[in-house]
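The next part holds the structures, each set out as structure tokens.
Here come two complexes built around subunit A, the first alongside subunit B, the second alongside subunit C.
Here is the complex of A and B:
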């Protein structure tokens, strides 16, 4: 592989891994605090799945860069993270968490379906594997979106409020990475516009079906994954605290 | 105020040659959510081929003592004009601790829960059975064959690590042992 394409692959893998890791961490904040026991377990499962996906992407990246996932995760500061702002936001109420997860899962489905045909085989294989779990995530979050959207006046209000707030954040998921044209040309990743169109084709009718108003498309909240919310540093401080007490050489 | 959702009984089939077996129960607002909750609570790690959930209040249950002592449950005969429909019958078998399971015995056609119970008692073996359950098939939410790849199969590729395999636990035990030794030295 050409070195510039290789660098772009590593950047792509890092972006995907960071999104999964940070979202998984946010979801895990509900463990022990969800509104009902069964949902607590369900969301903890989803959180674990997202961490698992992050590990898969990090392991592929290691094959390219040699970077150890544990070091990349626990010894990198906020400004070096490449997560979208959507996943950094605090967990909010349950409607907020479900809307975020739904919008993210639907975007993942659109992306993974295409990545499963990637010309870079390790990505194609990982995408196919992750996609089977995402089918379940989408089913779970869709079921909740419908029940919240069509439930009580309060559940509808909270869900619509979350949707209105999160929409421009979700759109950042489709902002191409700096060297993405190289990867599209090499057949490694799909065109971002194509992924976004597929996402909107699924999400818009579904939201209307769930009794919600689809927000009007606006510019994404940020055009670069180098811009973070203030929430990321606080999240990382907590997530990295134990690892940094001991130093990177300690074995767990 | 009772804030719990209704309870659903969960039945899991773990092998092609095994019947569906009661795994426990979950709370859920409806059948679809109950099916998803059942998956998350009961089948993330072990093998599962199929899941059924049924609202607990749709299950008509009789122990063999109740059947022997009181036949009044049968005193109201089924409405003769009611439509015949399919019911699922289950049996609780075995008495030893850890070996007590409610398993799916089969189906019967009936016009009411009481008639379904009566048909089940006529149809299936009583050997080693101490509780009988029947419920209308239409109240059961079942996983579909094509749900398996997303609902059940990912569990196969996950490593299930017992807590004692984590080094951190081992190290904490060593730490505790070390502290205990220091404590002894001081005494």
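Here is the complex of A and C:
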């Protein structure tokens, strides 16, 4: 691979790994605290799946850069993380978590379906594998979107409020990375506009079907994954605390 | 230097059990995909079930240990992702063992996603199909939770993937 393409691939893998890791962490915050036992189990499983997906992307990135996943995850500060702001937002109420997860899951399905055809074989294979697990996530969050949207006055109100707040954050999922045009030209990743269009075609009618109003079009919350809210540093302080008691070379 | 046949390695791996479901082997779970032997060097390719499964490390370590016990000069375990592991690869004998263990085996879906998500499981205790899915997620990534409306017991199903 040409060095510039290799750098772009490494950046793409880092962004995808960071999204999964941070979202998985937020999901895991419901363990022991979910509104009902079955959701405690479901969110914990989804969290663990997301960690597994982060590991997969990090392992692919290691083959390109040589970087050890544990070091990249635990010894990197917030400003070096390349996740979208959507995933770092605190978990909120249950409607907020479900809406955030649903919007992310739907974007994953649109993206992974196309990544499975990537010209870079490791990404194509990992995407196909991850997609088989994502199907369970999107079915779960879709079912809950309907229950909440079409449920009580309170569940509907909380879900619509969450959707109105999260829409601009979700749109950041489709903002291309700085060198992404290289990867699109090389057939490694799909065109972000195409993924967004596919996402909107699925999500908009579904939200209406769930009794919700689709937020009006607006710009994404940020145009760069280098920008984070204050929430990410707080999350990492907790997530990295135990690992950082020792040095990066410690064996777990 | 000890050298092996591919068949000898496969037979040895039939003794390596799934760490969380110790009645079935990694071979009959369809996890071991390929074995290559070159003199005393062995390469085993395995397909991970679920990407986040914490037992994957244990499986790799146990396969490495089993082959080293045979006297191999070197053993290399590689995870392969294509084609992705599917529960359709679980051997028929393993499905019988899962059921005896109290885990309803997954439906054979042939890639039909609707079948994966909607098929009812048969109760491993009484055999009834009068069952209700309670959660597509369970105590581990690979299990779903059901309830049998006939014998009135909850049971787990190995999730179709």
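FYI, the second predicted complex is superposed on the first by the 252 of 252 C-alpha atoms of A that agree within 3 Å, B and C clash if a C-alpha of one lies under 4 Å from a C-alpha of the other, contacts with A are read in each partner's own complex, and residues count from 1 in each chain.
The rule we apply is simple: contacts are C-beta pairs under 8 Å (C-beta built on N, C-alpha and C of every residue); 3 or more make two chains touch, one makes a residue touch a chain.
Please read all numbers here as calculations on a predicted model, not as lab measurements.
When the two complexes are overlaid on subunit A, subunit B and subunit C occupy overlapping space and clash.
When the two complexes are overlaid on their common chain A, residue A:125 makes contact with subunit C while staying clear of subunit B.
Of the two partner chains placed by the overlay, only subunit C lies in contact with A:53; subunit B stays clear of it.
Residue contacts after overlaying the shared chain place A:147 against subunit B, while subunit C stays out of touching range. For subunit A, the partner touching the most residues, choosing from subunit B and subunit C, is C.
Legend: residue contacts after superposition of the two complexes on their common chain; A:133 is shown touching both subunit B and subunit C. Touch criterion met: A:36 reaches subunit B, while subunit C stays clear of it. The superposed model places subunit C right into subunit B at 147-155; the other stretches listed in 75-83, 111-119 or 147-155 stay free of clashes.
In the superposition on chain A, the residues of subunit A contacting both subunit B and subunit C are 38, 41-42, 45, 49, 52, 129, 132-133, 135-136, 139-140. Against subunit A, the residues of subunit B that register as touching in their complex are 4-5, 26-29, 32-33, 36-37, 39-41, 44, 149-151, 153-154, 157-158, 166-168.
Partner subunit B is touched in their complex by these residues of subunit A: 36-39, 41-42, 45, 49, 52, 129, 132-133, 135-136, 139-140, 143, 147, 251-252. Touching subunit A in their complex are the following residues of subunit C: 48, 50-53, 80-86, 113, 116-117, 134-139, 141, 145, 159, 161. Subunit A contributes residues 38, 41-42, 44-46, 48-53, 55-56, 121, 124-126, 128-130, 132-133, 135-136, 139-140 to its touches with subunit C in the complex.
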